[in-house]
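Next come two complexes built around chain A: one with chain B, the other with chain C.
For the complex of A and B:
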């Protein structure tokens, strides 16, 4: 048994396995690059880099491949066993050990980002402010109970509850305060709406799936929602479509409800106010050569002004806010503009730079030592020859 | 450390592969309060209004010459064009002449309505054409509408309408005009030859659109 475990650890930490894994990463990088010609970046990340296994279609020939997620996890184990735990410790290997620690930190940083980072978009018109941003790729179903003043209490069904419902499954969602249950089904990541009659349609319409867009953030999602109200023989059926002009509206027990499909939203721990947006246009075109936003950040009653430009994001409270766009496209002089920001919350934001410093220290130590030994040997040879 | 313990530690990262991002529960967990909207959605929307737009309550009047409506728009009809009786989802519907098979209409959708590229590609798909990337859309010609440079699309192909009916030899002219809080669309469909012949008048109609009260 012990012999088996020893052997397993030896294989897991072997240099040969490291070479195989690095070779696989090279292949996956190549495949991922080629696939971006026909798939969105998001889909490539999901299928090739975020999976344990996938089947690559090479001109009609299906080739099973390990996903980058599995390969990187194995590489981390290989590094841990072969490059750190089983490495002979001493002054001659100290630099290698530190370098391996740095590479492991990079892998950990990637894992943390993949698992716990949030990314999205924040759009503000001049003079507006917001304390939340929306996801690029994920949606949420929101049931809003309207009050007389049009404020609302919102009940949110997250994307993860219905993202896999395209193949006939259903998801049931309920809340103690709601007088009905929601049954979600027929989710399409990208779809269009068509008129339909009879059994094929819901109130005269049906969703027709479309191929995913080259940029996943352009996908227009849709799904079916049934409201099961206690005491009613049949559910109230509706379609939700991301491009719809308004939510599905219904009254249950005298209470007004809206059911909407919209991009998943995240709260910011501070409020961002867009004071002014500036753009400079390429002469004779409607294209901006540079643009930037003057914002104020308000948190706990403290206001701080900031300037966000294309290469100078605002970092605060673990969030990084980048300038990415503006609109309306083709806006005329004097028109009220809006500014679009990418918002990223990544707990391992600074880990890559720290890892690079660690790797640099390890490599400098290792190669510095080798250089010193080499020069020492040369000096000894020279003095030997002189003698 | 014993080899068994070591093996457990090093294989721990692999278990993360099997973990989902989040669990799927039967109940709704996240509950928020939402303040009243500046531009609330009117109550009582029908499916047609939700899916085919125009719930800004626009009702056109006047069959020739100038007209305006409650969507806050006014326009001048090109010579010979006639406005059709009002339709629920449209700001206005027009024909190049009373017997023409081509039809032009104006709709307004809330917000960005998916953006220019998505809408241009939706029209291209309706005509059986390949989608354009963002660079391709940026390269399209523009015309001034409501004080903005708006993308003008001219397409020919087989038009599939919302009922799924396909008509070969069709043409389409379209303008997407993003405004501060909504997006205005002007679209003409019909036989390709008719639509092509109407392009100059279509552009003139688009240029004649004006906002009343500075929306």
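For the complex of A and C:
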């Protein structure tokens, strides 16, 4: 048994496995780079870099390959076993050990970001404020019950419930407070709405899928929703498309409901108010030299002014807000501008900086020591030859 | 097996280098004939102009405009004389008819002319044309260009790209030759207004513009002469309409857009529409008129006067303090001179292979150091001019990588004294600067462009970009040393000298280690920058992937060495492969035209990259064949 564990650890920490995994990662990186010429980055990330396995179509020949997620996980184990636990400790390997610790930190940081970070965008016109942001890629179906005092109570079906319904499946959602069940089907990550012929459509329309956009955040999702009301022979049918003019409205048992498909939204622990947006162009060109937003952050009644510009985000309460865009494009003088921010909540936000320092120290120590030894030996050889 | 001696290798290297570099070493940079007075050329060269978002000397603008149109920095006139870019610019201003007959518009593919109906089988496929030859097809050319311009640049066929470029060049040359048309004109003053012009019947445009406020007041009051005033103002505006090729008039500090320079056409339009126009602006227009009217020796004084008038307008809001430095850098042309010095140094190295001599080696050291110093000087001056760290554009990566490769090779030589790195230093220096020159011609754009907003950070340019570029340089130097090792073995160079190959092996290993430090740190710093700019550390963007591929290749080499999978020869072969990966990351990913780092896309790089990869593949296959053969012999 002991022999088996030792052997297993030896294999897991071997140079051979490290080479195989580095080679696989090399191939995946190259394939993932070329694939971006024909697929969106998001699709490449999902298929190649974020998966455990995938089948690569090389000119019609299917080649099964491990995804980068699996390769990186195995590389982490290899690094831990071979590069840290089983590494012979001493002055000659101290630098390697530190370097490996730094790389492990980097991999852990990547894992934490992948699992627990939240990313989205926030668009504000000058003078507007918000305390929510929306996801780049995820959607949600929202049922809102409208009350007489103009308030609404919302029931949300998350993206994970219908993300895989593109190929014929359905998802049934119910809530004790709702007088109907929702049956979701026909989800498309990116689609158009078109007039339908015959009985295919709903109210004369149907959703037709489109290839994903090069920038996946530009995708416009759509799905079909059936409201099954107790006592009604046929369900009430509707198409939800993210660009439609308004939500689907219906009345059940005298209660008013709206059903809508929208980007998944997240709450911020503070409110952001865009006071002013500034853009500067290189003179005589259409190239922006700088664009920046002057915002106020309001939390618990305390107002703090902040400036967000390229390469200078605002960090607060675990969230980081980045300047990413502005509009409307070609806006004339006096036109009301909007500013678009990326919002990220990433628990491992600062880990790469620490890892970078650790790796640099490890590499410099190790290779510096090697160089010193080499030069010393060379000097000894030279003095020996002279003698 | 016949093994070439070091002497034959020396001759071969010498011949190859001369053949490879000969086309670029033609005396393209001869001084212009002294047809224009030196004082005039000097003043015009130093005049400021705003183009592509920055204020630069007119000589820089002229050089890059000519480079784009002609693929050369100088031009050959019909009488066979060669003229500098500034002299050509003066020709275009003062002798527009002559310039229309200069054979200077390069058409890279005759199919472009077939497309616009000007195909001529008697001409070479790639040839230069005069403006006069192309003008008959102008309408069709512009129509097609308009149509093709609507197609995304990366989707256009070579002919479509050629049509768009040719139309642009033709338009720009037309604008340039008509730039001073207004200055050649004298406007007829109606009788009713002559008293306002000291009784003159014909006056220059600037004189009318000076009177514009009064003429506008007159035109608005319906008094006698109102129609004449309107007519004169319209004539002034029409005369200056074509003067919009160059923004040479500095803006006022309180202008709506105080960063934007003005063309004479804009100045005239402002004056004739009632906007406040300072005397300084009209003085510049008057200076241009005086330049046109000048003859012979007085031209220099007029040009100097025009330069002074431009400077008079300048205030604190206009910074042209570095223009003279830029002019002097262009005149020194350090990279071209360095190229020559590197070539010379390599020739001396090759000569030392034929006949070893320590004086030759000292001369090589001196020349290589002088060339390196010149290159570094050029890079430093560019940093001063731009107010940026050394690398912020693809062109600057070439300069920096060249300088760093040479420096690293000389340091390695100082440590090992095997004369291997000493031979590589001038070779890499010459190849690097040759590449920089070809890229400049291919791009045909100012090599000091403005940066997109995300790159406007000297901290990250100085840290991430510099580290990554050093990583590229060391990877390439490792590859170069790997070539020496593998080809040396293949061709039997110092066959029985194990110490020689041990030494090269150590150099390759050292360079891979050095490259790994900078590659890893640079790549992580890039991730941190991306996290600061875009909110994610790693996005699998092509440029990020390119950097990762280099790091992974270096990690594989080092782990394979530590695990005993690769010995010295294998590491040398792997380092050649590493060179290919560096080339992919440096140039290849830009050709994909995708990702957040796609600001380095350049047409025409693909061909060069194909040649490079074909050569590297041949070396690797030859090296592998030799290894199998040597192994079989050893086994038997």
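As a working rule, the second predicted complex is superposed on the first by the 348 of 387 C-alpha atoms of A that agree within 3 Å, B and C clash if a C-alpha of one lies under 4 Å from a C-alpha of the other, contacts with A are read in each partner's own complex, and residues count from 1 in each chain.
In this section, a contact is a pair of C-beta atoms (placed from the backbone, for glycine too) under 8 Å apart; a residue touches a chain by one contact, two chains touch by 3 or more.
Because the structure is predicted, anything quoted here is derived from the model rather than measured.
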Exercise. Quick one: chain B or chain C, who's touching more of chain A?
Worked result: B
For this session: Pick one for A:229: touches chain B only (first), chain C only (second), both, or neither.
Result: neither
Exercise. Touch check for A:23: first (chain B), second (chain C), both, or neither?
Worked result: second
Exercise. Does chain B (first) or chain C (second) touch A:87, or do both, or does neither?
Worked result: neither
Exercise. In the superposed arrangement, which partner chain does A:364 touch: chain B (first), chain C (second), both, or neither?
Worked result: second
For this session: Classify the contacts of A:290 with the two partner chains as first (chain B alone), second (chain C alone), both, or neither.
Result: second
For this session: Answer with first, second, both or neither: which of chain B and chain C does A:165 touch in the superposed model?
Result: neither
Exercise. After superposition on the shared chain, which partner residues are touched by A:306: those of chain B (first), chain C (second), both, or neither?
Worked result: neither
For this session: Could you tell me if A:354 is touching chain B, chain C, both of them or neither one (first, second, both, neither)?
Result: neither
Exercise. Considering each complex separately, which residues of chain A are in contact with chain B in the first and with chain C in the second?
Worked result: 214, 287
Exercise. In the complex formed with chain B, which residues of chain A make contact?
Worked result: 2, 5-6, 8-9, 12, 52, 69-70, 73-74, 76-77, 80-81, 85, 111, 115, 125, 143-144, 149-158, 160-161, 171-175, 177-178, 182, 192-196, 202-205, 210, 213-215, 218, 220, 238-239, 241-249, 256, 258, 286-287, 327-333, 335-336, 338
Seminar exercise, completed: Per the touch rule, the chain B residues reaching chain A in their complex are 3-4, 6-7, 9-11, 13-14, 16-18, 20-37, 40-45, 47-55, 109-110, 112-118, 121-122, 125, 131, 133-134, 138, 142, 144, 146-151, 162-164, 177-180
Exercise. For the complex, which residues does chain C have touching chain A?
Worked result: 50-54, 247, 257, 259-261, 415, 450-454, 456-457, 460, 506, 510, 513-514, 516-517, 520-521, 524-525, 527-529, 531-542, 545-546, 548-549, 552-553, 555-556, 559-560, 562-565, 589, 592-595
Exercise. In the complex of these two chains, what residues of chain A are touching chain C?
Worked result: 14-16, 18-19, 22-23, 25-26, 29-30, 32-34, 36-37, 41, 44-45, 49, 106, 109-110, 113, 119, 214, 281-285, 287-291, 310-313, 320, 322, 324, 342-344, 349, 352-353, 355-356, 359-360, 363-364, 367, 370-371, 374-375, 378
